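Same chain, two partners: subunit A is paired with subunit B first, then with subunit C.
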Partner chain A sequence: MNTLGINEKKTEINRNLQSSVSILQPYMIGSIPIDKLKPKKVRKNTELTLWERLYIPEIVRGMVVTTRHFIFNMIGFVFPPNGKKRSIFTVYYPEEKLTLPDAYRGRPVLVMREDGTERCVACGLCEKICPALCISILGGERENKERYPTYYTLDMSLCVFCGFCEEVCPKEAILMSDEYEGLAEYDRKNMLYPKEKLLVSEKKLQKRIDYVRKIYSKCNY
Partner chain B sequence: MIADLIEAVAKILFIFGVNMGFFAPVLGWVERKQSAVMQDRVGANRADIFGFTLIGLLHPVADTIKLLTKEDFIPAGANKLFHTLAPFITLTPALIAFSVIPFGGQYEIYGHTINLVIADLDVGILFIFAFASLSIYGVVLGGWSSNNNWSFLGAMRASAQMLSYEVAMGLAIIGVIMVYGSLRLTDIGAMQENFFKWGIFLQPIGFILFIACATAENKRIPFDIPEAETEIVAGYFTEYSSMKFIMFWMAEFLEMITIAGIITTLFLGAWHIPFISSKMLLSLFSFAGANGATILVMLTNIATFFTKIIFMIWFQMTIRWTLPRFRYDQMMKLGWKILLPLSLINIFITGLVLLL
Partner chain C sequence: MGKVTLTIDGKKIVTDSKKTVLEAATENGIYIPTICYLKKLNPIGSCRICIVEVEGAETPMTSCQLPVLEGMVVNTKSDRLTELRQTMVKLILVNHPVDCPICERSGECKLQNMTYDLGVSRQTLKAEFVKREKRYDWRLVRYDPYLCILCERCIRICHEVQGFSAYKIRQNGFVSVIDTVDEKPLDCDFCGQCINVCPVGALNSALVLPARSWEFNKIRSICAYCGVGCSFLLDIKKDKVGRVFTDDTIGMNNGNLCAKGKFGYQFINSNERLMTPLIKKGDTFTPASWDEALQLVGDKFKEIKTNYGGEAIAGIGSERIPNEDNYLFQKFFRCILGSHNIDNILNLKNSGFGSGLLETFDSQIINSTDYVYASDFIFSIGADLWEENPVIGNIIRMALRDNEAYLIVSSSRNLTLKPPPDYKMVYRYGSEIQLINGLIKIISDLRGRTEDLREYSDHLKDIRLEDISSKTGISKDLIETVAIKMSKSKSPVILCGSEVYTHPLGVEIVRNIQNLANLIQGKILLFREYCNSQGVNDMGVLPDKYPGYRRAADPEVKASFEKSWGFTLPHKNTPAAGMNIFDMAVNGKIKAIYVMGEDITLRYSDGNQIREALKKIDFIVVQDIFLTETAKAADVILPSVSFAELEGTFTNMEGRVQKVNRGIRQAGKSKPDWEIIHELCKKMGTDFKYSAPEDIFKEIAAVVPAYKGIAYSDIKNNGKLAQYSIPSKKRFTFIQDKEIDGTGGEDMSFLLLSGNSFFHLGTMSRKSEAMNMLTPECKIEIQTSDAKNLKIKDGDRVIVKSAHGSITIKSKITNKSTPGIVFIPVNFENVPVNLLTGRRDTVTRVKISKID
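Let's turn to the complex of A and B:
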């Protein structure tokens, strides 16, 4: 009999955890990882020195800063740097859109298989974990004994986009998509999303499915 | 006689057109756009006609139409007469004060002498100060008649501030008057043909004092406590809407132009280009004949003057978007304890240097 001892089991879990952590990059500020960043020294004395109380030199210093920004930005406006429209970071929203990070949590959607049925098995975990109580499910059973939700409603007026439903789902059936537009409505009745409105095909969500597998599967199970 | 009349009307129309037709509306756009560029933003660029946005230049038009079609609201309990009168009293002096500022020298074209100033008064600077102090009445009346605590506080602050800074401003200018020996602005302008005789080199302290006091007179940041948004909503014009609101804003912009004009005339060599005298300009334009050369010199001088004005407006805007607001007591302290003694010392030193 070759059973693993408790210690060996622990080391295995640790190894798994380490491998999962190595996938996650440490948070970087510029090119420095956050744990190696040292705080700047703050000048504590708030009394003005004589040089500062003269006002004029300090005013000139401030004006030099703003004028430098003004001149560089004006040059950026008139002669935009290679291919860009300008050197300013502002995004002209409706025309241009931000590239969203992988972890972005937009509106929750149900994953639809290629044959048009949903992955969801109506286990009710998402309904249970939802802190805003916005999900309500009624389970049913097909002829081949497969469970499916006959009724799956998500109230978008209550949803807080926490992503717990996605985290808890054992079947990767509910995901946070990257959609953030068109969620506002004039009527609250329209914000009660039925199953048909929530279903999105697998292919469109492939990127998110991969991300969810990378993030949750190893750490939690 | 008729030529004089035509000349006067042409000058008035020119200055009125440039100030009210060009500067007053465009400065609103400049204020927004320049602050945006200084703060790494994009600024107003959405208003368009058939898809042409003209880098946001249509925003002043849109704003004006919006404000004109708004309800002209007079609050309950307000003094209707004074409430209506106040913006006029503020706007008119701001508009008039520019009339004594020369935007060019004297030129003789086809035997007719043209003096490029609307009213060549021999007490030019005093005239400007008189009208600058008249605009306080508009502010105080507007604040008092609105029947609003914020407006009243703003008016009180404005009166205190403008009274205390008027003194330092008048004294700051006296040094310049002593150096050039004239109150007539055309004379002062004509005397600055030599680059090293510009007021900014002869009176550097006076220049700084005057800019500080003029900013305070115009109630702009860092001296904008009468209309401090974070403290008293909008100060004395909290209760104004529609066209009257525009008039207060226009008055502020016109005062900015007037201040730029005074600084240009007194300190920055008026209509002269540095290192180029009008004789050199005349010989440069000699290909156009005697009269043509004079006209070209005149146009060059006007262009130079307005270039300097635009630079000074840019400078004031930069100050406005760089510095934070003074506290009320700090501002009073600055006015009475620093600027006033400094201007007196400046007069003293100037007199000493002139005597020796």
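Let's turn to the complex of A and C:
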């Protein structure tokens, strides 16, 4: 039926990509080629079956899962397997911290160049796209006729960590960092982050920059 | 104009034969896409997107240039046309980098919209990359040749509307770019019209846009500089004015603006703005709360009123503040303080154009600018047409273009006008009445004596053209030629500029102009200096007139105002002739003065007197947005707001009542003027119970006859014209030539004229960086031959000495001044020109000597 349409579109995209960027074929999502992706089966009927309506078996099922986790966790804690302390279900935060995946979206930060200036050119696209309306910019100009934000605030009390700003930015100037700590405050005024608080040096963000190039470049360029 | 019937997209349309197909289609709601077309410019069809198919013609034609013809069948939509239009857009995009995410104009770009509309999604064409140079050295204008699509809108508007013709296209083919005519950095009027009309982001303002176009909150407002009252849009983000933009469909200015309107907005967000009320303690000002400051003012006024009577308190209204605030100001003085001692600078300078407006003149001298556009003969006297009110200049140029109107310019200065007028008359200062008498004589001789002129004709007999020619310094032939042209014209308009309204004999000149206007059935347009110069007088901020120019000495008028206001009003004592507030202050009769939004120290003509008067007055209250020279002498300073932060109405020089809308939050603790007065009234025990300017305007409409029938909510885009009831009788009164009194010793040979410099108006524009960049310092304009005699070079410092005082100033050698006349701009607080001048009814002669 309409798969034909999709295929057409897909081939069109592929053709475009082939003409422009040669590294990126075949079109991939993560590490899976797009042709091999199959739609997941989703159960559509929301009515409960008789078995579910009986209630007790479902509770028992839930308890089994909880107990299994508890036992595995305990065994892993008492007899840690080789190389690792234990097989993990629980992370002892803050003594232990998770190794975050590349795609993790922490607080948004502005990229600072080596000379201390921001990469941002105050184009206002992040402000436009932000669904929580937490970004606010006023632009200006440096002496070398380069635009920069004279005023850039990000209201962390509104931010929903969606990462749209990062995706839309044409200059790789705003990135979702891996920082998730110290964002809570007692006073909302402190959650209005000025430009100085948002700036993070390029070096620290190199990993994320590489990741962003990898995942967004195929669609944008 | 004949009518023509044609068919566009199967729709029968009857239209004027002078229209084009595009105009006819747009009027009937048929959309034809276009990029380069602009209604106020002549079409050149450079973008070629407006192409249409005409039955019988093989190839499509550009509809913007195609005149309508009888029986024409036009097709605006077809597959072939769409394909051709797409190709046109692709051709334009070949050289246009798609830098939309960082382009200033993105979101309002015509090319961007057209690309979307026509569904151009892929570029199939390629062009060789040509390296071009971005221009950053054009002062307030920036040019990006990569983005330029060469639609020539900037060239056309500069040529047709602004008359400057600053641009041209350099080279041709792929490498062509826009450049200045002399290929040097741009040095023009900086009206910013080219930026307004640029459909893409090629021409931009050097005042960098702080946000993207879609983020701005667009507030329709009125320019607060000169008396024209142009409508514009203030683009606001975060309580900051980002830029000024225009809309061709609103206002009387047809989308035109001058440098001050376009770039002079920076004073609104200036750091020098007053933020809190200030009270003088010792020699310094200390910040105070509103409560404290107003309590002090109220108590002081009460004390002075009980000790010396209400007449000991004087007030100065402002020409830059809305009608509502001025109205409440005079009501506060008359009702609560019981004083008629209120005035404004315009009236202080020449009461004939202030309080005497309806009495002195026989016919209407305030007319709509529509007459100028429709006119076929424009005669200006004493006006620096292109510089004084630049947007009136634009309207005149469009009249010259569309009606092929005649333009005759007469002035005592040798003005350089672009484009040059048909005839230019440079008369000797003070011989204006003679010149007009000469014109009247020739025209009446041509027309034959009519009944009206019977009395007049006796005087005309004595006039000899040879005398006039020798007195004015204009050749007899020129006067005759102008008079003949004038008598043949159908709808003449006479413009009176600043030289007339600041002239010692100003009223006589305008009355004589009325004689001329009556004779040729012309309309007179009197220029005004500030945005509300007309309104402040209408509102009765006058010592002898209630609102609506009703005489204060008349007991009936007093009774009627007592009835409508519900207060006992003071009796109007007729002061000694020629005594104004500052004379009384020098005599010690004024104990307190309340100055609202006016820098009287710099603007009052007699600088020495005003400084002496301010020293003698015990208690001075100044309400302003900046720490002006007057404010420095004040005891209490109340911070007021700029036009972007208030709501109200301005009345411009045509008598058009236009609404100013509030766009941004008030800076610091400042408040609108009417609110301050309202609070002060409460402190003094009376509550007027106004909640908004609308309430005050309702009262104005009831009290002022000219504003009758204007509802506040009805004042929309084009404003409402106030109807001044001047009896339009045709009366000829012969005006005898008078000698002007001059001050100055025998060695003082130069006549001093002062006025606004081109990029400044008053002292407000001095707070705008862009305007300061264009005219950074005060320079005296001396004619070339005079300078040669005095051995002064351009840029030398000179001492200008008059009978009243002396100042040191830089010189500028120019041919604009005529021999024997020097000109000093009044806008610079470091060069107070009024120290040199005396009372308004005299002219000042000065001596110029070089500093070694």
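To be clear about the criterion, the second predicted complex is superposed on the first by the 137 of 221 C-alpha atoms of A that agree within 3 Å, B and C clash if a C-alpha of one lies under 4 Å from a C-alpha of the other, contacts with A are read in each partner's own complex, and residues count from 1 in each chain.
By our rule, a residue touches a chain if its C-beta (ideal position, glycine included) is under 8 Å from a C-beta of that chain, and two chains touch if they have at least 3 such contacts.
Just so we're clear, the structure is a prediction, and the values are computed from it rather than from any experiment.
S.K.: Mind working out whether A:N73 is in touch with subunit B, subunit C, both or neither, as first, second, both or neither?
M.R.: After superposing on A, A:N73 lies in contact with subunit B but is clear of subunit C.
S.K.: When the two structures are overlaid on chain A, which partner does A:G163 contact: first (subunit B), second (subunit C), both, or neither?
M.R.: neither
S.K.: For A:I59, using the defined touch cut-off, is the partner it touches subunit B, subunit C, both, or neither? Pick first, second, both or neither.
M.R.: first
S.K.: Going by the contact rule set out at the top, does A:T150 touch subunit B (first), subunit C (second), both, or neither?
M.R.: After superposing on A, A:T150 lies in contact with subunit C but is clear of subunit B.
S.K.: A:K128 contacts which: subunit B (first), subunit C (second), both, neither?
M.R.: second
S.K.: Which holds for A:I137: it touches subunit B only (first), subunit C only (second), both, or neither?
M.R.: A:I137: touches subunit C, not subunit B.
S.K.: By the touch definition above, which subunit A residues appear in both interfaces, subunit B in one complex and subunit C in the other?
M.R.: No residue of subunit A touches both subunit B and subunit C.
S.K.: Name, in rising order, each residue of subunit A that touches subunit C in their complex.
M.R.: Going through subunit A, the ones touching subunit C are 121-125, 127-128, 136-141, 145, 147, 150-151, 170.
S.K.: Please give the residue numbers of subunit A that touch subunit B in the complex, ascending.
M.R.: Where subunit A meets subunit B, its residues are 56, 59, 62-63, 65-67, 69-70, 73-74, 77, 86, 88-90, 92.
S.K.: Which subunit C residues qualify as touching subunit A in the complex?
M.R.: Residues of subunit C touching subunit A: 101-102, 136, 208-212, 214-215, 237-238, 240.
S.K.: Which subunit B residues qualify as touching subunit A in the complex?
M.R.: Going by the criterion above, the answer is residues 34, 37-42, 208, 318-319, 321-323.
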